[in-house]
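One structure coming up, written as structure tokens, with questions to follow.
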Amino acid sequence: MTEATRKDGRTVDELRTVTIERGWSDQAEGSALISFGRTKVLCTASFTNGVPRWKSGSGKGWVTAEYAMLPRATNDRTDRESVKGRIGGRTHEISRLIGRSLRAVVDMKALGENTIVIDCDVLQADGGTRTAAITGAYVALADAIEWARGKKFIGQRSTPLLDTVSAVSVGIIDGAPMLDLAYVEDVRAETDMNVVVTGRGLFVEVQGTAEGAPFDRAELNSLLDLALKGTEELAALQRSALETAAGVGE
Amino acid sequence: MTEATRKDGRTVDELRTVTIERGWSDQAEGSALISFGRTKVLCTASFTNGVPRWKSGSGKGWVTAEYAMLPRATNDRTDRESVKGRIGGRTHEISRLIGRSLRAVVDMKALGENTIVIDCDVLQADGGTRTAAITGAYVALADAIEWARGKKFIGQRSTPLLDTVSAVSVGIIDGAPMLDLAYVEDVRAETDMNVVVTGRGLFVEVQGTAEGAPFDRAELNSLLDLALKGTEELAALQRSALETAAGVGE
Amino acid sequence: MTEATRKDGRTVDELRTVTIERGWSDQAEGSALISFGRTKVLCTASFTNGVPRWKSGSGKGWVTAEYAMLPRATNDRTDRESVKGRIGGRTHEISRLIGRSLRAVVDMKALGENTIVIDCDVLQADGGTRTAAITGAYVALADAIEWARGKKFIGQRSTPLLDTVSAVSVGIIDGAPMLDLAYVEDVRAETDMNVVVTGRGLFVEVQGTAEGAPFDRAELNSLLDLALKGTEELAALQRSALETAAGVGE
Amino acid sequence: MTEATRKDGRTVDELRTVTIERGWSDQAEGSALISFGRTKVLCTASFTNGVPRWKSGSGKGWVTAEYAMLPRATNDRTDRESVKGRIGGRTHEISRLIGRSLRAVVDMKALGENTIVIDCDVLQADGGTRTAAITGAYVALADAIEWARGKKFIGQRSTPLLDTVSAVSVGIIDGAPMLDLAYVEDVRAETDMNVVVTGRGLFVEVQGTAEGAPFDRAELNSLLDLALKGTEELAALQRSALETAAGVGE
Amino acid sequence: MTEATRKDGRTVDELRTVTIERGWSDQAEGSALISFGRTKVLCTASFTNGVPRWKSGSGKGWVTAEYAMLPRATNDRTDRESVKGRIGGRTHEISRLIGRSLRAVVDMKALGENTIVIDCDVLQADGGTRTAAITGAYVALADAIEWARGKKFIGQRSTPLLDTVSAVSVGIIDGAPMLDLAYVEDVRAETDMNVVVTGRGLFVEVQGTAEGAPFDRAELNSLLDLALKGTEELAALQRSALETAAGVGE
Amino acid sequence: MTEATRKDGRTVDELRTVTIERGWSDQAEGSALISFGRTKVLCTASFTNGVPRWKSGSGKGWVTAEYAMLPRATNDRTDRESVKGRIGGRTHEISRLIGRSLRAVVDMKALGENTIVIDCDVLQADGGTRTAAITGAYVALADAIEWARGKKFIGQRSTPLLDTVSAVSVGIIDGAPMLDLAYVEDVRAETDMNVVVTGRGLFVEVQGTAEGAPFDRAELNSLLDLALKGTEELAALQRSALETAAGVGE
């Protein structure tokens, strides 16, 4: 399968160059500027002691996320959602996906009555923005939790993070399953799938859509194989970023 | 697997009672009141000759969908989105899912420069509203296309429908994969998956989410098996509804 | 006056066929699916113990209503108000009218600090939607009050309902006053009047508008005569619906 | 009936002091600052050659109105609707009422493809703002039509105004029907009615609402008698204002 | 400099006729209808005992302002911001400017935990609406403070007003600096500056903008000279208005 | 004056470290990531051939700007304006300021019927975001114009840029005028002024506000001296950035 090469020279089962600049922000409790090739997403984690009223008294914390794109992240300028006065369906959908993905690896009891909001702002978009956002958001989240531990908002023995989590896109192009689609590939894909996987290799989300022809069970299996390979590599990169000393923001 | 029974007496691989009241509306070009157990969704198809400006001159048609819930469809009253002045993320997400699912079985060239808007309004909700909506929407869509053929907006030899499409939810409850979750099951499910499948048994959408513990590959496979069984039965019910004479609205 | 016949064969002082399907909803505390000919309105009553903050401590309850129309209730599809992000003037006006009409027959002291919200959703529109809504809303309201009495939210000796209330449209077409206008009549009417009347025959609302030529006092009197006749018949139908056993929802 | 006196010394069938300052605005094509006692409404008419697209080619004109209140027109400050981001039901309802009332006396064919927008802004509110608005709006409208005739947008022989129109509120307070309610009366009224009448004494709108106890036919008749008396006097004041030389704005 | 005359006959350093009708409103705690030539702004001050939550317990008061324009204040009708559903940038900017200007002369400690909201509604616009608004707002503010002192919301020895404040526009037209621009001048100005000055001649705001060619330091100085002359005259007019007996509203 | 030092070690007339990373974006026609100390603003210029309809046929171009802040650019997280559904006054005001500042140095005739939209997104905020935005926006604008010249949208002999433009904040802290305020200084400043100056040293905007005590003419003059010194240095940095080879995005 790995013989076919792509426009950018990658094999079908190869990730783009992934970089994680941890601690990019001087202001946030955790942050990471992540890039999947030319896709760049700034992820910041804002920690607040306390929870929304509807969670109050539950002894549990809350993690949520908001995704957005700068107007000129894309090749053509997109109108700002703040100017339009409403958030589009795609933005809502991705924000909800990121939030669910992170909550899947958080023990809310261990987090205690604390809230973490993750903002994922796409500075430049070249396909895979939601998967880069999830992967970077995990790093920002992990740092915010360590920050809170340092401030004693979270106990020394509490381990709110049950596992790591990362995500990658896969798709079928001209009949061939491929890993981590760039924008030019994404628009041509017959089937497009985003897969969110924990460090232990379990699925958190599987979202596959036939953009062109519907797909059969064998294709689905090939895509899942690729996704598991990609997220395993991303998990290693996350671990490595979290082991090195963070930037100024820490 | 079929020995275990559920609260409502069903086996794990059994659909709820599904009824499709075709031609419910006197006004719409196509319509169906579908029920999956106590879940009731009114699907209407509005046919317009012509397409939105951005499609004009392409020779292709357009199919889109809007999903909404009456405020007291649910057990507790929900505020109207029209009163709140904005559509929530969940509504947007489901509207987009229904639209994509229908477009997957429509040949836009054969539809010609015509637009069909499908409205799916949940009159009563008891789990599976989006899957009932897709399944009923197909029936409304098929009738609207026949109506348009009768009015000569679509040629006699054109076959805009490439296949049928239906959807069902599956999930893992107490470790057991189950078909077509009612609301009380849905809230307890560790994993929840909505699967959209064509009449030929190909996947259009696979949307699986770990609400509790992440799931492994074997569980994913069991869920897909159930979904294929359920959508095969739904496809048969759709065919049967479309073969009988329609109601007053036709 | 009763000799002239109309397009649908009715005499000028004849209501359309009115049906009231009480207890349509499995979820609401009270509900009725009412039809005035092809006009169908689903009315649900949501009971909440407690009142809005501005009423708190007054010892009095609150009753309010919201009216809306499904996008394809009408002959041409109307854009959803939730999508437009604002509620139109007509919707607001009718919601306020329904709320006032119901409150006119409720003793708020006897209701106690409880809130009832009536949702009137027009599933199909063929003229007279606001009058059908008021007439059906009363039935849903009555059932919600009985439900609350069963749950002891309202005392056994309290009688929050002072009277019944129903409504009907009347209008002048080609110079002739007529009862209960269907849509094709409504658009041709020179004068259009909605009248809300209690079971005892007292006026709650009189809303007459000259759509074409202004009207004189004699015409006004003829319209009021018709309206009193129509609402008397509707009151009888309400009583009859409330005397029979309710549907599944009860 | 005229013996009983009111808080401000009026008899039950007496209007408050009504003044009409015609031509108040230097900018508008027609304008009037009208006062009913302490209620002051600035009415401006904006004339545009041409009609909205949906009227284009019909040979007919269009007249519409917008009503609003300054935040401190009332005794307690009200939040601006522009700040809230949405127009309330009451505002919508009154704007629609004013527009309908004016259109009832305009021959749209004679107006030709021209549009007149009437803005009624309440500078100070003390009851009866909608009736003062209609009465003042007529004067602004009449002046805008004369302005347009001067500019040859309307032919010399065209008579777009079929009649004059004015409005007054009536109500039942402590069982007694009264004319032109001030705010302190309005809040106490059991029944409140706004009546719009042409110069020839024909009804354009009759909007009666039981705020307290429902009303019977005899009470309704007494209220209509008062309303006809009041609007006859208002019509005379309108004629007198239009006969005198207008202000600076003309 | 004073030889050159303008379209309306003024010399370059001459204000338009300024009138201040104090106590115009019967409802507000302080009010002034101010005119700068044909520009007319109604300023009302609403006093409330208490402060917004974020100020509560601080012992300090709050003063804020809202600016708006009637739709036909201008030569062409402008759509209402309430109808558009959002407030434009210009409106926001001017509201903020008025609020800051007033707060600059208020000792919030001496005001105590009280809130004053100033509404400035432009009834007619002919240039300089924001400067007229600030100048009139001060008069309304001063009266509201005296009203509050009378009601003992403010102590007899407290002097919340540290100074008076007024504002004027200046600009460069055809190379010549001029005072208090009317609309026809404003649109032609190369540089436009609004200056807010206290009674003692100190600057609160200096907002100069090159609409055409950028301006040099000498021009800036000439404009500041004119502005100080104009605001000195306005301060005298404010004092004079506040010394005379107020209108009905007091 | 230069002896006094500040918290970050600067003298009163010293800028923070300013860096301009030209060509940061791979997508935009011009871009710059500018930093004034810890304040970081991403400026992108989007070039479109053609102008808004209201400019069409004028032979002139259009330049506009939008400013926004990421939610966690600040020390505490701010809610997104897209989520709130409306743009705040401050955002509007700064967007308008940036647009005006850029237009002051553009010859719209020479630009021809082309539109350039500059987006200034604050990634990290530490005071002076609007002045950094203007200074960076000029660089993005200049590059977009060169890009358009390369694409022949602008003629080889056209020189749409009349001058360079940059901006800096100045303020009075503890009585001492200072240049380029960081956030901790800004909140303490008695007077705060933003000054926009062309490369030739002419003023485009002077916006001074007394946050605490009003200021006198001498203080105003000192602030203007500092601003001219600062913008002269910024103009040199802009020239230097534009002379070096741009980044990947070019």
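The first chain written gets the first letter, and so on, giving A, B, C, D, E and F; residue counts start at 1 in each chain.
We adopt the following convention: contacts are C-beta pairs under 8 Å (C-beta built on N, C-alpha and C of every residue); 3 or more make two chains touch, one makes a residue touch a chain.
Nothing here was measured: the structure is a model prediction, and the numbers come from that model.
Through how few touching steps can subunit C be joined to subunit F?
So the least number of steps between the two chains is 3.
Tell me, please, which of A-B, A-F or E-F gives a repeat of the D-E interface, judged by over half of the contact pairs matching in residue number.
Most of the D-E contacts reappear at A-F.
Over half shared or under half: which fits the residue numbers at the contact of copies subunit A and subunit F, same or different?
same
Indicate the whole-number Å distance between the mean C-alpha point of subunit C and the mean C-alpha point of subunit D.
Centres of subunit C and subunit D (C-alpha means) sit 29 Å apart.
Distance between subunit D and subunit F based on Cα centroids, please, to the nearest Å.
51
Give me the residues of subunit A that touch two or more other chains.
Subunit A, residues with two or more chain partners: 85-87.
Please output the residues of subunit E touching subunit D within their complex, sorted ascending.
Spelled out, the residues of subunit E in touch with subunit D are 25-28, 31, 38, 42, 44, 46, 48, 66, 68, 70-77, 80-87, 91, 117, 119, 121, 123-126.
Using the touch rule from the top, collect the residues of subunit F that touch subunit E in their complex.
Contact set of subunit F toward subunit E: 86-90, 92-93, 95-96, 100, 104, 163, 193, 198, 200, 202-210, 213-217, 220, 224.
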